[in-house]
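Inspection log for the structure reproduced underneath, given as structure tokens.
Labels run A, B and C following the written order; every chain starts at residue 1.
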Amino acid sequence: MKTTAFTKTYSRRMVLSLPELTLPEGKITAVIGPNGSGKSTFAKVLSGIEAADGRHPVLSGVSVGYLPQKSFPFRMSTEKNILQNGSDPARAAALMKALGIEALAGQSAKKLSGGETARMALCRILMRRYDLLILDEPTAAMDMESTLAAENCIRAYCAESGCGVLLITHSISQARRLADQIVVLHEGRLIEQGDTERVLSSPREAQTRRFLEFFGV
Amino acid sequence: MGSSIRKAIELILSADPELLNILSTTAKVCLTSSILALVLGVPVGILLGAERFPGRKVLLVLNRTLIGMPPVVCGLLFYMLFSGVGPFRHLHWLFTVKLMILAQVVLITPIIIGVMETFVADTAPALRETARGLGFGRMKEYRLLMNECLYSIFSAYLLSFARAIAEVGAVAMVGGAIAWKTNVMTTAIMMYTNRGSFTLGIALGLILLTLSLLVNIVLSVMQGRLSR
Amino acid sequence: MKKIVSLLLAMIMIFALAACGQSAAPAPAATEAPAAVEEPAAESAPVEEAAPAEEPAPETDALVVDTCILKEADDAMINNYSLLAVNPDAPFVDADGNAVADVELNTVGAAALINWLLSEEGQNLAANYGFEEYGEYLFYLKDGRPVSTAEIPEATEETKHIRLSTTTSVNDSGLLGYLLPIFEEKYGYEVEVYSAGTGKSIANAKMGNADLILVHSKKQEEAFIADGFSYVIDGMETERLNWMYNYFVLCGPSADPAGVKDAADVKAAFKAIADGKFTFISRGDGSGTHTKELSLWPEELGITAEAESFKDYTDWYVSANTGMGACLVMAEEMGAYILTDKATFLTFVANDGVMG
């Protein structure tokens, strides 16, 4: 799967300008970078929620699923929320069980805590097969146990469906655990791209090195 | 005042025919106008809240102006339009329940639009991001949005009903407070108080307050139910 | 939300407490019992039982009305009621002053109602109205009044609705509520009564919203006719059909501090009130009663309907701008003088100053 090069002007006159990118099918690509580097904007443009400058298409002919940072719980039970995106109750039950929210199935989704909402939202988006699944910090609100369970689910989904996953994350360790390749963004530019091991162990760019040092890598 | 209140309660308990007529006219006017306003106001409010299009800001300012329109101004306008010498005289609507309903629809539709617009403008962006992210179509997106709106539709309705039932300026002007025909609770209170007769006024006041209390109880109960 | 609910609850409780507290005081028995038969007229149902032929007996109850009639049956105080049919070809104009030719009026219905009110049956009913309830006649038939013997047509779908614009004092006296159902029953019409002060009531007719008017202000009626808004219906001689009258009465506190009882005539009585600066309640609403009152003040005071004209008299001249009944309640409470039509005053007294 290839994305075309694009530019996108976003908050405070920052410009996101990216070259052509290849997102391999059946692989997980992690996007890392400091706050304001354009990660979320990148996800929104790819998913089509926001248009690139000049409105030209960035990805065409593929179905894209996008899980925003704060996913919206619809005014219905947790289970019904999940079943909005597919009609297989068995799959929904399995996902809820895997993420430890099976006890909350009948509860109003509006009453869930932040972490529970995040798990519900992940279950919901994993109900359907997309060609490309974009997850914007899916585990930011979760505790460690849930995070690991969520990572297992994402990995399994990617392997089963053979689709591409783009994971935006703040956690270098999560990128190391999950991703096959890493894209590093800085001030709206792609500064480094490569296999996870290679980027994390011997980054080529000074900016990447500085960013990783921050996390004690 | 005590003996007046006692007489008023006796009047209510004795099912005084004029009192009953006033109540049924009030119910007819307020229920019809609030339901019409709901049917008109909810779609418009949701569209204004959910969509971004040129002229939207102008419409919002216009709507806010209409919300602030004094009922007597609205009443005067319709009195002039439907008077025997007005442009719509051939409809013969002045001093009828029909024109009272029309005037109230004009008064309360903006309230419903305002409530819906505020709620939807708050909710729609997050909901839309999630729904589009899931790959849902526009129809499904609107269905989910309507589902979110249920409580605000409900409270907008009660708010507009409360305004309709408490409103006096417009209905007095276009209805003429004609006994047995266009006299509603508020105009009757005004008429009887002018006449110096307080019993019926107090009886109607008690009923209005009780209604308002019930509406608010229902509202607070439903808030818990529907916002889930 | 909870705050609103509790606020409302509190208000209702205050209402209830006030009710209980008051009713507990006079009658130590049950608070609810509506059948306070032993009690004087004060507590009984307003109309039916207040009838006993004599005047409201001077009970030693706190509720008895102190305001009483001090001056009446003066020629200057005659209150003439007239019927005027609205002319369908009147020079109606819209809000911009453009002529409107096709104003639709129910001339047949208006003529039917006028003919009935002026028939022997209608006149007798009006003349006897009130005697049973108040022990006094409220309206008198005028000598040389127009009388109708015309056949009254049954209502048809087109002529059924009759719009009568009248003054509050006519409506409040209960006369129309007594007469109209009889007429409606007999001929199948439906009379819609719009009641406001004479000024507003005539303005309403001038905008084409009434088929006939029943008012009591000669000056304004004559202007209405002069402007071409009325016409002579078949079988009548004039536009202004003045068929009944009653008296305005000057009322005030029984102690009568201004001594109006001993004044030579009504004008002298009004002068005494103004000279002594005794509180006077004026309708102040452009009604027929208000118009009459304005004509009774000494000319040098210069009191007119304009607020400007009485700004120096605000220490005693109260312009209430409300209905007759509400003004009477005010006068009773303030121990003030007041000009009122007799019918409303008698209703007021019969109900112990509460007006129903």
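Heads up, the rule we're going with is that a residue touches a chain if its C-beta (ideal position, glycine included) is under 8 Å from a C-beta of that chain, and two chains touch if they have at least 3 such contacts.
Just so you know, these numbers come straight off a predicted model, no measurement behind them.
Using the contact threshold fixed earlier, the set of chains in contact with both chain B and chain C is empty. Closest chain to the protein centre (all Cα atoms averaged), using per-chain Cα means: B.
If you average the Cα atoms of chain B and of chain C, the two centres end up 34 Å apart.
The distance from the centre of chain A to the centre of chain B, with each centre set as the mean of the Cα atoms, comes to 47 Å. With each centre defined as the average position of its C-alpha atoms, the distance from chain A to chain C rounds to 80 Å.
Among the residues of chain C, none is in touch with two or more other chains. Interface of chain C with chain B (complex): residues 1-2, 4-5, 8-9, 11-12, 15, 18-23, 25, 34, 43, 46, 92-95, 100, 102-105, 163, 168, 172, 177, 192-195, 207-209, 322-329, 348, 351, 354-356. In the complex of the two chains, the chain B residues touching chain A come out as 126-127, 129-136, 144, 147-148, 150, 227-228.
Residues 1-7, 9-10, 80, 83-87, 89-90, 92, 94-95, 176-179, 181, 192-200, 206, 209-210, 212-213, 216-217, 219-220, 223 of chain B are the ones that touch chain C when the two sit in their complex. Against chain B, the residues of chain A that register as touching in their complex are 47-49, 63-68, 70-72, 74-76, 84-85, 108, 110-111, 121, 124-125, 128, 130, 134.
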